[in-house]
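Going in written order, the chains are labelled A, B, C and D, and every chain counts its residues from 1.
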Amino acid sequence: MDIVIKGGTLVLGEGVFPAEIGITGEKVAAVGQSLDGGRVIEATGCLVLPGGIDAHTHLGLSLGPDLASSDDFESGTIAAACGGTTTVINYAEQCGYASLLEALDAWQAKAAGRAVIDYSFHMLIIDPCPDVIEEMAAIVQQGVTSFKALLAYKGIVMLDDAQLFRVLERARDLRALVNVHAENGHLIDELVAACRAAGQTAPRYHALTRPEVAEAEATERALALAEAAGAPIYIVHITCARAVDALRRAQARGQAAFGETCPQYLLLDERVYESEDFDTAAGYVLSPPLRERGNQGALWTALTAGTIQTVGTDHCPFTREQKARGRDDFTLIPNGLPGVETRVPLLYHYGVREGRLSLSDWVRLTATNPARLFGLYPRKGTLLPGSDADLVIFDPGKRVILDAGHLHTHTDYSPYAGWEVQGWPRHVLQRGRFIVEDGEFVGQAGGGRFIPRRPFALPASLA
Amino acid sequence: MDIVIKGGTLVLGEGVFPAEIGITGEKVAAVGQSLDGGRVIEATGCLVLPGGIDAHTHLGLSLGPDLASSDDFESGTIAAACGGTTTVINYAEQCGYASLLEALDAWQAKAAGRAVIDYSFHMLIIDPCPDVIEEMAAIVQQGVTSFKALLAYKGIVMLDDAQLFRVLERARDLRALVNVHAENGHLIDELVAACRAAGQTAPRYHALTRPEVAEAEATERALALAEAAGAPIYIVHITCARAVDALRRAQARGQAAFGETCPQYLLLDERVYESEDFDTAAGYVLSPPLRERGNQGALWTALTAGTIQTVGTDHCPFTREQKARGRDDFTLIPNGLPGVETRVPLLYHYGVREGRLSLSDWVRLTATNPARLFGLYPRKGTLLPGSDADLVIFDPGKRVILDAGHLHTHTDYSPYAGWEVQGWPRHVLQRGRFIVEDGEFVGQAGGGRFIPRRPFALPASLA
Amino acid sequence: MDIVIKGGTLVLGEGVFPAEIGITGEKVAAVGQSLDGGRVIEATGCLVLPGGIDAHTHLGLSLGPDLASSDDFESGTIAAACGGTTTVINYAEQCGYASLLEALDAWQAKAAGRAVIDYSFHMLIIDPCPDVIEEMAAIVQQGVTSFKALLAYKGIVMLDDAQLFRVLERARDLRALVNVHAENGHLIDELVAACRAAGQTAPRYHALTRPEVAEAEATERALALAEAAGAPIYIVHITCARAVDALRRAQARGQAAFGETCPQYLLLDERVYESEDFDTAAGYVLSPPLRERGNQGALWTALTAGTIQTVGTDHCPFTREQKARGRDDFTLIPNGLPGVETRVPLLYHYGVREGRLSLSDWVRLTATNPARLFGLYPRKGTLLPGSDADLVIFDPGKRVILDAGHLHTHTDYSPYAGWEVQGWPRHVLQRGRFIVEDGEFVGQAGGGRFIPRRPFALPASLA
Amino acid sequence: MDIVIKGGTLVLGEGVFPAEIGITGEKVAAVGQSLDGGRVIEATGCLVLPGGIDAHTHLGLSLGPDLASSDDFESGTIAAACGGTTTVINYAEQCGYASLLEALDAWQAKAAGRAVIDYSFHMLIIDPCPDVIEEMAAIVQQGVTSFKALLAYKGIVMLDDAQLFRVLERARDLRALVNVHAENGHLIDELVAACRAAGQTAPRYHALTRPEVAEAEATERALALAEAAGAPIYIVHITCARAVDALRRAQARGQAAFGETCPQYLLLDERVYESEDFDTAAGYVLSPPLRERGNQGALWTALTAGTIQTVGTDHCPFTREQKARGRDDFTLIPNGLPGVETRVPLLYHYGVREGRLSLSDWVRLTATNPARLFGLYPRKGTLLPGSDADLVIFDPGKRVILDAGHLHTHTDYSPYAGWEVQGWPRHVLQRGRFIVEDGEFVGQAGGGRFIPRRPFALPASLA
């Protein structure tokens, strides 16, 4: 074996073991004790984990001719790597292309030669006309086995129920998993119009025009359509107790229904919108918005009760300058937050250290479950023989103060600015090579590869 | 390595891998590829699984001076081994002893020198007086980190709510997990008295006097008391949708609440009690009784939705002659069914083959989750380096017709008589040694060991 | 007083009393004992009830140039009168009119001079453009204080969520109650298209393409939009347990959410669609369709538990010849059943006589609650001083075999053909005058009046 | 007619009418317009309501040789009358008597010659031995058609589940309604013992030792036992959302399950226990205790959604001196609050005036529903011909500051001290005679009568 990692505590989604990891080439060759190998990496006192998988990023997102999320595939994946994430599944938007394949090609081109970690795409569908429905098979054949549909942003990307149903039925036949952004765009647009008519322009109206009921309703609806289609479904960025309840009832009916939440919904709340400072409030404008604090307990419980299976980030950063476009009109504030770098450490600090999650829960939510749901497992998301040697040697004692200056994402603020967390990646390996060493990024643009994914497999309990 | 298992598909609770298992002495030494070892066991075409753990058996149960379950630790564990189970956790009853330690000693003596597979005990508490509550610590120190309490069988083993609460509080402090038999004994006894007064003596009245509401109520109550105590809880042998719903609501409140069902509740229903033949009907008399068929879907869904974590058996066989004691009075029919030998194959056939469970679900429900809940993990319940080399080489193509004549349990009937299942253990190893080879038992009485268990660890999501 | 009704048992929504009713002119003058009056109507052995109110009829419904429901305002209201109903609230469709007022005028013209009982309209909105939204106020000013919106029949009458939300907000401001037909038209049309593509043309596919999930989803959604609007809402023709559950959860959240079911959903089930005889199956084609029988218990319980407040009929009859249009294509079968004449007796027989409803429940569900919800109370729906003297002297002993030949609706079949019910109206008075005497219709075309209704009043618990 | 009340607005549980009430002797003779009568009572600007019925009082409750609730049947009923309540149903305790009949006789003697308003009893059962179960029939024959059972106060009045089940079955056969105090006495006593052991003696520990889970659990259990018995059930003094949820689920299963809450749970919350002043905190010590404020919304919603049917008071006052017995030990504080005088006005002010209840809701919750549930209707609880002429002429404009000095109950504090309410009874008549005139009590000790009640009638929807 080329490398043996010794002395650490192996944390898998299934359990925690004192075990060594042997790596040959890009793969895990063995998990065992007293393994022989060339280079020995010392991990005493550290946790050894599968590299994180963030199944919800928006690197390189273009929102118009002169507006794009501030991380491209290079800066965003450097940030991911430094935070212990070795694979992202980024949303590839159909926008601007009649053909999904053309759109996917364009997104492949955005990533190729830039990404420093491995990546895949979810294919976002905005116009499920017959040709596009037909073309979904070709996308799956390229190893992109998940699609995304939105029930918000009317006139831009929102699908109506017939369209979503067609996507779900086709995805079912293709063994692909549909991700749904569940907010009722009709309702939101009505509320926005009323605010505009009333001259209510401040960031706080962003939250008030996207109430919980808009999310709860759309979640119920997406689940019902998936039930009618006999298709599995994955609800992204769940924020509130009511949406959790809808998901739980679907699961109790026997549906293959899955959910994701994000660190910002577990840790932040709507009071940030009350800030008199535009930059501060606008920095937290994302969709769905932050909620009343009482929802956080329901989300944490959903993570351990197995109702929600994954924690992604919806990483979609903008700079303060970009956010300032909406200074006089909250609807012009670009929506989104950075998050890809802080996800794994925040979940460790507020989850594991504060007793809400076990070590295995942490790994399962941030790596194993995304891998299983999205056809990467067991290549990614675990560290068993044959798995890619993507791993994090995590120092549970290292204290880091979160701050835009030290983080690697291209934004000039952090939603968690000033928070101190304990626990941070020391080394990160991708396919057997260091990409972070002693906390420093040592990888290279283009070092990441596109990973074709396997079809969705049913049934699978994931909690 | 002493042994290498090659060519099989490794099925763990976490996933399915093409991997070899290397064994040194009693332990798994490595999981990997191209492993070197002395003896090679060929497993091509087979599944390689961690040995099953049946956390609910009643071997050697005495119900009075002249009545005992028909399997002792030898016959019962031979049956277990042949069916792919390498560890049982048997109920050690306090009955007849003022001291828990004395009772445990007596149960240790029953098992020692007889058990052919590894074993542990849950300590059943029938009189939680202050001395007994105090003594619970000594039991835990012996590695018996779970207790059992019953809410039925008034005047025999039933605890009242204050007693159960004391047990829960103490168990919480000792990091032990309380198993609860949740049926309302008060209600059942009232219904039984009414049947007796009306001269209703047939086996069907057993089921009619133990209605779902008695189970649903007691399940709610046990969960509430655990919530008040801040203690984890494990509800044994859940049979019906209402009890599942109670458990689901407790989990949604954030409780560390777990549940078990049994193959008989997943596969059989109350129509068996309508048989005119006493022997036939009496053979299915167990507590809780079989339910209306509509509950089965809810139970299967609970297994994949993560509401119920384990499938045990409540193995407690009696012969027809023993059952005949209740020919004129259903209350005298000894309660119980055999099941320890058929659990793993039935779950494979009706779960995996019929598309209700994934392979990983199957292993998780029958091995990994019992191990994690009861402090055996990762020594048992998985096959990772350092784990005991307890494993099953399972032939997914072998067809077996279930029949008391071929099964190894000491009963003269099978509840599944005549059913054909596909998939059966070919070889079974315990701690590196064959105990079943080519389907034949090759172990020996006393080959099994008492396994001290670790404390209950919180939080842990298990689905 | 002009008339005194003596000897009967007065049944109001609130309770049952031995009391006389005194009538002066068109009004109840007194409720008491030993009242003096001119004409005495003997009611010994009979129940004296407020005249029934059927808040869901489609008299005079045009479905195109050559297709209309087979009852006009004369035949339909004669049937209503004979069955104990003295007021109908009919759906006035906007179809074909840009202006609601014009549409309402047209409907007023259809009814005037023909209706034999009193009537009102719900105004159905199919195009809630700004002018129509504005015009809603004028409709309310005419005493039409309820509107209807449909979430099915895409491209014909279906509103999208933004449109429904606008209607709800406007109705809230105008203190009007929005009735919603809750089925997801998008989903239904997709399922219909699939059946057509597969050449599945028989009536049973009508039911299979309008599954429960389509109703459950749309019910959830309508309730959510009403919640967001802060508007009261009334879900028409609820058919299944899942929709009841959605309504119950909305009420538990504190919403002013109300529901209606119909006798056909309480008494009939989907097995009728299996008939090989097209006429038989087509006779039961209505929307939503009849459901699995298990839903009936949930609907009956919802009536007494206060979850559903009213029983209407969705009376919309067609002849067999009309139904035959869909012989080769189920989508061409005109949807609907007769029901206005049999509602009150069916609820008496299967509700009161079979122990599911109290006498007061019966009157509340069929008269008092519709009156209260739709602004007719206390003029209609009760018999207290000042109320219109609309009343039924109901003979609880009279047996009637239901049969199209004897019933008064203009259809050549009855969905209940051959059923015998006990209990039927003997006399019916409207505003103090006999319209049915000894079971014979004695009223006259044009005897009915348009009744302006009061605004919706909140809060009101109605069960 | 002897008396005619003119000019007022008649408020019944069913609706609101401009109507006159004619009284002949003790009875309502007519409800109508332009009635003729001897004495005319002018009610212009006032509401005319049926006299309130408080189905939950503890007048004359003895808690030992030297401790009794501070209101006897005279002072307590004077307070009731002044607050608009003309009938109380008081708990008659079995305590100290082997025979229910003897106990009832003793309670009849306590009331006779003292009560100034009409009264009945619920018979509290503490020892349901076979003789007592048998004797229940004799109690019902005396017109006492409801019983009470407690699941708290172990060793004093608590029943076990078998005992409660026997009472429920017997009551079902006798058509009586069982009232249940639903708190888990086992759990409470364990928590109390722990507080005592820890030297925690302040009033706040009263609340901490009777947590919501104790009520929620016992509510579930009582409902389950009633379901098993096929008996109707009435849960007294519901305080929290979880108990409401349990009741709602029972109703959704189709059970005849009813509930009561009290003004104190709607209006006060647990923060009062934080007072440093013993007298203040102790003044609010009652069982169940006041809860977190978040429960109030759920209770108000339950009133209008029809989940909870009545508002009683649990009137059980003690003086500060009496409360002071528990200065050093919260378990010695006599439990209870005054409330019988303020119930109707508080519900008017905080319910009707603040928009939470309609006028009819108010009357239904405080008079009509208690009458219907407890067999007093239509003699009491409404004002229809034949009803007792028990009525309140309520001045909706009168402002009153609540204060122990002005209220008539024999206590030296009010839980609502200093609160100003608008709306108070001007005149109160019982069976046609003034007992309160212009706000002054004008009745006399012994003017009230024992009212035999009718059996419980099923089904009845009451919301």
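We take it that a residue touches a chain if its C-beta (ideal position, glycine included) is under 8 Å from a C-beta of that chain, and two chains touch if they have at least 3 such contacts.
Worth saying up front: this structure is predicted, and the values here are computed from it rather than measured.
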Checklist entry - Touching subunit A and subunit C alike: which chains? => result none
Checklist entry - For the interface formed by C-D, which of the candidate pairs A-B, B-D or A-C is equivalent, sharing more than half of the contact pairs by residue number? => result A-B
Checklist entry - Which chain lies the greatest distance away from subunit C when centres are computed from Cα atoms alone? => result B
Checklist outcome for this item: Rounded to the nearest Å, the gap between Cα centres of subunit B and subunit D is 50
Checklist entry - Roughly how far is subunit A from subunit B, going centre to centre by Cα mean, in whole Å? => result 39
Checklist outcome for this item: Whole-Å distance, C-alpha centre of subunit B to that of subunit C, is 55
Item to check | Shared-contact residues (touching 2 or more other chains) in subunit D | outcome: none
Checklist entry - Which chains are in touch, pair by pair? => result A-B, A-C, B-D, C-D
Next on the checklist: Going by the contact rule set out above, which residues of subunit D touch subunit C in the complex?
Outcome noted: 12-20, 22, 28-33, 35, 245, 248, 251-254, 297, 300-301, 303-307, 355-358, 360-361, 364, 368, 372, 377-378, 382, 384-386, 457, 459-463
Next on the checklist: Please output the residues of subunit A touching subunit C within their complex, sorted ascending.
Outcome noted: 154, 160-162, 165-166, 169, 184, 186-187, 189-191, 211, 213-214, 216-217, 220-221, 224-225, 227-228
